[in-house]
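Before anything else, here is the set of structures, which you'll find just below.
Here come two complexes built around chain A, the first alongside chain B, the second alongside chain C.
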Partner chain A sequence: MIEIKDLHKSFGEQEVLKGINLKVEKGEVVVILGPSGSGKTTLLRSLNFLERADKGEITIGNVQVNCKHVTQKKILEIRRNTAMVFQLYNLFKNKTALENIMEGLIVARKMAKEEALKISHYYLEKVGLKERADAYPSQLSGGQQQRVGIARALALNPEVILFDEPTSALDPELVGEVLSVMRKVAKEGRTMIVVTHEISFARDIASRVVFMDGGVIVEQGRPEEVLLRPKEERTKKFLKRILPAADYSI
Partner chain B sequence: MENIFSFSLFIDAFPKLLSRLDITLYIVLIALIFGLLIGSYIALVRLYKMPVLSQLATVYVSFIRGIPILVLLYIVYIGLPVLVEGLFHVNINRWDTLIFVLIAYIVNSSAFLSEIIRSAVAGVEVGQTEAAYAVGMTRWQAFRRIVFPQAIKIALPALGNNIVSLLKDTSLAYTLGVIDIIGVIKAISSNTYRSLEAYAAAAIIFFVLSLLLEQTFKRLEKRLGTKHVVSGQE
Partner chain C sequence: MGFQFDSAFFVYELIVAIKYIPVVLLLSVVPLAVGMILGSAIAVVRLFKVRGLAQFLAALVIFLRGVPLLLQLTILYLALHLGVDAVAPKYGLALSSKDISYTLVAVIGLSIHAAVYLSEVVRTALQSVPSGQYEAAYSVGMNSREMLYRIILPQALPVAIPLLGSNLIGLIKGSAIASLISVVEIVNATLFEANSNYKFLEAYLAAALIYWALCVLVERIVAVLEARVSVYGKGGVV
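Let's look at the complex of A and B:
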């Protein structure tokens, strides 16, 4: 279970997160929507301390931290309860696809090599890239890289997988393969928090949609409620702006 | 013709010069190894912006890079014993001259190498470190396993150039009385009253060594290059 209490974060003068409260149950797929600059990516990155929130409390699995007084050791514990899929994939460029998945298992989780190898092969096959095990990231397409990125996250078997706009950097024709892998992952009951602009994914897969604007959560609920019958004016405006385009692409 | 350039002297010079090549290579090797160690440390201090140390490192690097190696050699040779005597009341005047030469070259190359290392590490995308953190690596693990191997590849061409200049810079060690290749030329010329032949031989030796180094680095770059492409994204 993940719980975020009163999370605040400023970059200099600008307050990006103005007191976020959010609870995510095990197996939930939470999609965070919102205009750019609404703080959704910052929220996601605060959860594994790639950004350091100024104030608030984060609980992920059995680790609880107060962001004001957090030690390096706590940060490491939190990170070992999470995994992240990045917008720009961020595969380790000096490692093959297979090694990318193994790396965290061996180095951070101290797993024996044979076991890590078995797990890595398993997840590489799961994302449909069994044949590309020995390819370096530079030899893979964007979609393939992102699928390895997802496999890398899955293999760690974390409490939650954080997806930071996983399809935004992809060519349109490659978005589908990544989304279909994400759908598969969601159906397996993994806990996911996804920042995305893919309304179709939110509608079909999310157990809850969270709409953020200006550093606060404006509205949240089941996808059909938030997407089809939004209560808040800001949500309506946002959806009106992006929905036609999203519908068109399906 | 013999009066202008004696081929027999030229040929004779080679074995004499080569007999001292080990000193030259020794200086290069020691300056390189310790220069890399100290240079890496300086680079990390500056990259992680450690308070006080980082400012000191910046001053050190720009100061050392700003003075000619010849001046640095004399400052170390004359100044270090005075400093050590003053601080620890130990007399190091009797130390082998080679030790002073080595210290001067280590100091010199640590400053230059730290800049190469610093820009190479900074050249590795932030996303690589973030991904390493995200899978649960510590700072040190992320650096050692992900950032450093990529930085080496970026640093390689500059590193090769630096070693070639270091090799040529060692030709000033003789000024303190170390008998390296140039030191031998001095001895030959005072015996035969001729030095052009020996200098010509030295030129060829340095040229061949530089060429070998260049080729080695080219091959190294190529090998790392086929293994993984660091720059660029699809």
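Let's look at the complex of A and C:
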């Protein structure tokens, strides 16, 4: 359903993606782990063309794009097949929580206002923020903003939802509420690609863990395989640093 | 023989000046509006780095900002006059340089002047909107036009309003320079009256007072607008 073929991206002299090949099936929850600078965020952002890869092929649903010769029209098509949840939430500051969810539906999906309203209310309630429909982002906590961000992505009903370190900017107390919404989303069978440092999420919810380092996929597999019985040295080194010793030795 | 301030003449000049306020408004509000349209176009082209055009406009902005308004108006005036006289006969046009009103030249010149400064105001305002807003708009599948209109401009406007106010004040004061290309406005009108009795101080003070009053009015309006537009509350520091 989502296929990435030989993706390359350089920022000036620095090659950040050195030939990524990845396939994601419908309903999978793929968690991408890796040290900073590994290229995981660049990979995610290349999927909806917030970064433009230099070389490679990206297929999302029924849209296939060659990164070297991509047109604005194709970029829009790919973006209409995806939705992103950002580290800094990026809610539209001049719109209320409800309007934030409706915005993409009305403008990009050309939906009628009544239908968009119904869908938006449904997803706002789903993330537990029904009473905050008329609040502006500046009036919401970080956790609340992120949950609206997730509702905004869900409402678009994309082929895949891209999560770019969704809890990294949250206070520890608020991380839980966002993770539980993400768990709900995963259990419903949505296709998700998540870049995160939350190992518990990877361990409990991911259907596949991908470990990236230095612009390549070092290893990937089921969470138990990669997190508990890593094969590669680089993977072991990374996990040793971020997992408490007790967890790893199991 | 001491100096006696002629208050009666001063008041007379005030009334003369007030009569010409519409001209000043024409020479400031119209260039502001035209300048906003042109300036926004320039800003958007430069922000989106449209190949070739962006660099050309950047150079044009730098050049035009370096030439004093007085020279911009006089050069435009002379260029139009000489140009029309040279070109019109060739094309059999009934136009002659005498048909070009001084006021029109002043409005065009001030509009170009305004566009240059306002393009920077608009560019700054657009850049003050966090890049995350642009990214979120793109990621839900909006194209640039939809994004600018629905998300970016509404957030850029509160930032631009104080700067637009200062630019309007600059244009109101700059309109006085139009007096030097024979436009009849406040400076010329008050001066004309003083030519016979040589009471220039009273004349200039009256003119100054009216300009000052207009600028204070603009500042009050800007203050009101600023308060009304900051609904979204950046939620924090300022």
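One rule holds for everything that comes next: the second predicted complex is superposed on the first by the 244 of 250 C-alpha atoms of A that agree within 3 Å, B and C clash if a C-alpha of one lies under 4 Å from a C-alpha of the other, contacts with A are read in each partner's own complex, and residues count from 1 in each chain.
We adopt the following convention: contacts are C-beta pairs under 8 Å (C-beta built on N, C-alpha and C of every residue); 3 or more make two chains touch, one makes a residue touch a chain.
Remember, it's a predicted structure, so these values are computed and weren't measured experimentally.
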item: Joint occupancy of chain A by chain B and chain C, clash or fit; value: clash
item: Contacts of A:Leu88 with chain B and chain C, given as first, second, both or neither; value: both
item: Which of chain B and chain C A:Gln145 touches, first, second, both or neither; value: first
item: Partner chain in contact with A:Glu103 - chain B first, chain C second, else both or neither; value: both
item: Partner chain in contact with A:His69 - chain B first, chain C second, else both or neither; value: neither
item: Touching partner for A:Leu156 - first (chain B), second (chain C), both, neither; value: both
item: Overlapping contact positions on chain A, where the chain C interface meets the chain B interface; value: 48-50, 76, 79-80, 82-84, 86, 88, 90-95, 103-104, 107-109, 136-138, 152, 156
item: In the complex with chain C, residue positions of chain A that touch it; value: 48-50, 72, 76, 79-80, 82-84, 86, 88-95, 103-104, 107-109, 136-139, 152, 156
item: Complex contacts: residues of chain B adjacent to chain A; value: 125, 127-128, 130-138, 141, 145-146, 149-150, 153, 227-230, 232-234
item: In the complex, chain C residues that touch chain A; value: 130, 132-133, 135-143, 146, 150-151, 154-155, 231-236
item: Residues of chain A defined as touching chain B within the complex; value: 48-50, 76, 79-80, 82-84, 86, 88, 90-95, 103-104, 107-109, 136-138, 140-142, 145, 152, 156
